[in-house]
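Inspection log for the structure reproduced underneath, given as structure tokens.
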Amino acid sequence: MILILKPDATEDQVQHVVARAEEMGFQTHLSRGTFRTIVGLIGNEEKLQAIPLTAIPGVAQVVPVMSPYKLASLDAHPQPSVVRVGRVPVGGGNLAMIAGPCAIESLEQMRTIAAAVKKAGANILRGGAYKPRTSPYSFQGLGEDGLKILREVGDEFDLPVVTEVTDPRCVERVDQYADLLQVGARNMQNFVLLSEVGQAEHPVLLKRGMSATVDDVLMSAEYVLSQGNSNVILCERGVKSFDKATRNLFDVAAVAAVQRLSHLPIIVDPSHATGRPDLIPACAFAGIAVGADGVHIEVHHCPEEAKSDGPQALLPEQYSELVDRIRELASLMGRRIPTADGEVA
Amino acid sequence: MILILKPDATEDQVQHVVARAEEMGFQTHLSRGTFRTIVGLIGNEEKLQAIPLTAIPGVAQVVPVMSPYKLASLDAHPQPSVVRVGRVPVGGGNLAMIAGPCAIESLEQMRTIAAAVKKAGANILRGGAYKPRTSPYSFQGLGEDGLKILREVGDEFDLPVVTEVTDPRCVERVDQYADLLQVGARNMQNFVLLSEVGQAEHPVLLKRGMSATVDDVLMSAEYVLSQGNSNVILCERGVKSFDKATRNLFDVAAVAAVQRLSHLPIIVDPSHATGRPDLIPACAFAGIAVGADGVHIEVHHCPEEAKSDGPQALLPEQYSELVDRIRELASLMGRRIPTADGEVA
Amino acid sequence: MILILKPDATEDQVQHVVARAEEMGFQTHLSRGTFRTIVGLIGNEEKLQAIPLTAIPGVAQVVPVMSPYKLASLDAHPQPSVVRVGRVPVGGGNLAMIAGPCAIESLEQMRTIAAAVKKAGANILRGGAYKPRTSPYSFQGLGEDGLKILREVGDEFDLPVVTEVTDPRCVERVDQYADLLQVGARNMQNFVLLSEVGQAEHPVLLKRGMSATVDDVLMSAEYVLSQGNSNVILCERGVKSFDKATRNLFDVAAVAAVQRLSHLPIIVDPSHATGRPDLIPACAFAGIAVGADGVHIEVHHCPEEAKSDGPQALLPEQYSELVDRIRELASLMGRRIPTADGEVA
Amino acid sequence: MILILKPDATEDQVQHVVARAEEMGFQTHLSRGTFRTIVGLIGNEEKLQAIPLTAIPGVAQVVPVMSPYKLASLDAHPQPSVVRVGRVPVGGGNLAMIAGPCAIESLEQMRTIAAAVKKAGANILRGGAYKPRTSPYSFQGLGEDGLKILREVGDEFDLPVVTEVTDPRCVERVDQYADLLQVGARNMQNFVLLSEVGQAEHPVLLKRGMSATVDDVLMSAEYVLSQGNSNVILCERGVKSFDKATRNLFDVAAVAAVQRLSHLPIIVDPSHATGRPDLIPACAFAGIAVGADGVHIEVHHCPEEAKSDGPQALLPEQYSELVDRIRELASLMGRRIPTADGEVA
């Protein structure tokens, strides 16, 4: 930690800063420049993160030297982690191909879509049972009935399943039905929920919040990891922007940035990132090309009748064509799509 | 609702759109322009919000004509609402002066600060018992012990109290201790929590999310209102920005924009909006001048020892001077600061 | 300047960094922490700004200690500057009340509006002769004919005049007609234009760019100042945002932030910041309350026939009422509106 | 154009709107809904763009039906345009590989870099002679001497050259030396400059502004096209963001969005988009995968001595490796890299 003092910091203030630092067990290192005095603090920086250093009189700026997360960082785990979802390995060159409708609407609907995406090459089935909707008057999901349908269809088609959990009181229940627990963008800093999924048995799919920085995402992952659940997959799904050309702004560089800081797998969600089916394939390719560990795509056999997010869903035949092209691209980039059985060609 | 069709929409698609709309009980109104066909749908727009209209082939754009919230809108309640927090009226010209530390640290600390802010003219005492911290390694609050301290100190100094609730499982407990339940920025779209506080006995202080639009805030308020709790106070606390000169970007115009759409009181929080004590007074004045129904400010008697957000707290004497000036400004603008007893001079 | 080295910087790299710094005439100060080595550079920081320090192998981060501008900073001039526009003092408690239409359309139009805003209490008349329009097919302004009208009407009503200059080739011409040269938001980093107005005789009104940080604005002011023109007035006019509730996001805190860094006067432009006449008065009050040195407002006697930006103009009678209230508010805040003759009541 | 009237619009206002529209030569189409009246205007929408429709009393919202640009749109030219830079075709499956230093520093430097990038496979050489720097104290470029060096080196290595023009007074001069004229991000809405390059002989490389929407970019291109220069190449180079993990936010989806609206080629610039050499290759791949028509990359043989933007430059050997991989990827995506002679393998 480096403290840059104010240009007009008095000698008393300098001494007070040094005294406070040493009181906390740090070695200090004073450097008096032409215009400013700088205090280097040597010791365990984590302890300092709890101290309001900029509130100490005379301190202008605090420059952290270490990252604020540790379990999520490459320092803790220099090799890319491989997270298993059912039998499917994700990360380390293995791509998660997550597909399915936004919301679980009926057994029939899920069977139709599961059959199609399995055939296309998806290895994880998605479907929402608890839907976080901006309007209280919109369809809120089928709840536990939806979970049962998802599990049944996952078993029938031999696909591991992922579904969102929005309520800390439901984590245990969702953990019984699902192979992967999704925490949505709006809940990325719902720390109560993060702590709860940190105690779940199954891995967690953590979506980036709409205005979360790369560091914020990794701090949220740290919440889950610090509770003992070491299986976290991150997901870039677009951030808020001034441009309404796309629903969100797909931050493809964040995938590469995360991979230089963390060992956790990170996938992309071009469905939410763009909100436009006509751009989804191109953005899925971009995600694979940049190095993402998988692609999350919403697929519906009849978007105009979907109960949620229909306008951004791909049709099964569009998805199938997309997977074929992703397979080629992945192969060129030295990666592969495991089957739902976890077989890696 | 207006549907703008694609330039190349076929006659079949036009007929399909009309048929779908009439099937849902709407009258349609077709307008064929030089380059585009437009379909006006006449009827209850709410029903349409659930339908993925842009997923219908041939539809390019959907233009809603009504706002998606109703209980929160001026249509439902054309006069400004007055929400009572303890005996303090908020709204309709009455200003909430909320002050206190970020986190409740001890009985002693709360007594010191409560005495000071009461004397300065604050009419509501704040203090956090459950702290949503970005790092799992930071101080997380005293929990129920904190709530007890807050209640005790509020009673001693005859100040109604506000504290944040972060967990739907704690809403009932917090509702027993507090006079006003805060939903924080990071939980503004935690719809599970919103539904729960919608069933609480006490009013709700709903802070704007970091990348929430004015419409998003009002939709979140609608969640609370739709559960039966009609007492919601909104709070502008800055949004995410590219400029790090201030912690967030204080969106003072949003206060005025909300007041032209909704009857709910809206206050400002210059502490979180700026993160800089040197800018808090100026921004508090701006908030009052723009028409806000109150000011939320963090006050600590020893910021450098505060366990949370110390660097952005005002000292009690700074707060006292600020309230004096706010009182004058409010008076010029035709508004007033009620006492904690609810007396309006 | 502080260089934070990478965790894995080799001893050779450390020595290379030190050697490079000393070669440039700096004293170095090495601080080896538990995890990182830090190099403090003591000497004239300006010289370092030209050197790509982060390109030196082993360097992770460069932390500047001084601000990159000097003439614009409070260090260079600790008291607020007062800039004279015609005979009107701006800054140091004196408010610029700039009003007029977006575009100069005719002599008749300018006379009508000038008479009205003068009577209302405006002390500077605005009008655009060269309009930077996003569409090449929109009205581009009357050019030099417009300048002549503006000058004539300014003289007739004894109001100093401000108009935008967009082309470095026109600076000399505009300087002959106008009392204040405006550089618009879209040209805030048009450094060629900045250099040119830096050589003009009259003062410059520099509007903040749509995604310019406070530091960016001050660097652009530095361009003008460094050419010898020491009379610069800044203007906050809203930045780009994800929320379309207002045309731009009015960054009222930036006014206070600038005043803690620079001696230059800074005014607000609620017309462009909000784009909504119904919010302009409230945001003008907020600007005055936060400490701005004036208000720029677009006024048109017939907005629906205006050739540019009609939808955001106030009517003359609305403007008149607004000035009355601003006068009261300014007086409470210890500031005042000089007359166009420069008289300060 | 569709006008949505206010809920409380009077019958007089409705009639005034209709009268105004018909006066301008439009057919109107009135649709009275349950809550709102809507007026469709049928006719040439371009004429309406000049009219401040929202300033007409009773009008709440104006919904345009056509895009505001025409020469840039796919309607005007349904097939992708191919722009020739020297002999190199860009667009329609042909990739521009633009490489070189940020600033031209000397003949020696340019010869070294040109030799390396030519060998690596670049087909256009870049170098800045006029540098738009945020600080007036930074290196501003060699000016015309730089242009001469660039031309000489381009001729020696048989590479067409691109350089930035920042001043309308220099367009003619730059047009004499360069094969492609760059308009930088900060000048994207410098309409005076756009008009000037619209009259140049050579094609224009138009970089997206830091907070420009996709529509803004296309409107700026329209400025150039409307002056008669039909050869415009667009360039996505990142937009402003709240996250400092990368210098800007690389908006890869914008490439795909532009291609669905316009026939103009669009390339990506991962150097400026990320500002981080370690992320440049991954983002270049993403750009190619999403469908970009080329890649602009800064290359310097000694970044730590570069006079501008050294920290974001690739080394020649890194660039060479990158081009090899881009070639493979392009081939998979059905595209190709022409040689500098314009040969397409």
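All chains are identified by letter, namely A, B, C and D, in their written order; residue positions are counted from 1 within each chain.
Everything below uses one rule, namely that a residue touches a chain if its C-beta (ideal position, glycine included) is under 8 Å from a C-beta of that chain, and two chains touch if they have at least 3 such contacts.
These numbers come from a predicted model, not from an experiment.
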### Task
Name the chain pair with more contacting C-beta pairs, choosing from B-D and A-B.
A-B
### Summary
Note, CA centroid farthest from chain C's centroid sits on chain A
### Query
Taking each chain's centre as the mean position of its Cα atoms, how many Å separate chain A from chain D?
32
### Geometric centre distance via CA averages, chain D-chain B, whole Å
40
### Query
How big is the gap, in whole Å, between where the Cα atoms of chain A centre and where those of chain B centre?
27
### Query
Do you know which chain B residues sit against two or more other chains?
211, 239-242, 244
### Task
Enumerate the contact residues on chain A facing chain C in the complex.
2, 4, 7, 29, 31, 33-36, 38, 40-45, 61, 63, 65-66, 75, 240-242, 244
### Query
In the complex formed with chain C, which residues of chain D make contact?
20, 46, 49-50, 52-57, 68-69, 132-139, 166-169, 186-187, 189-192, 195, 210-211, 216, 219-220, 222-223, 226-227, 239-240, 303-307, 309-311, 313
### Message
List the residues on chain C that touch chain B in their complex, please.
### Response
211, 213-215, 239, 241-246, 249-257, 260, 270, 273-274, 276, 278-279, 282-283, 285-291, 328-329, 332-333
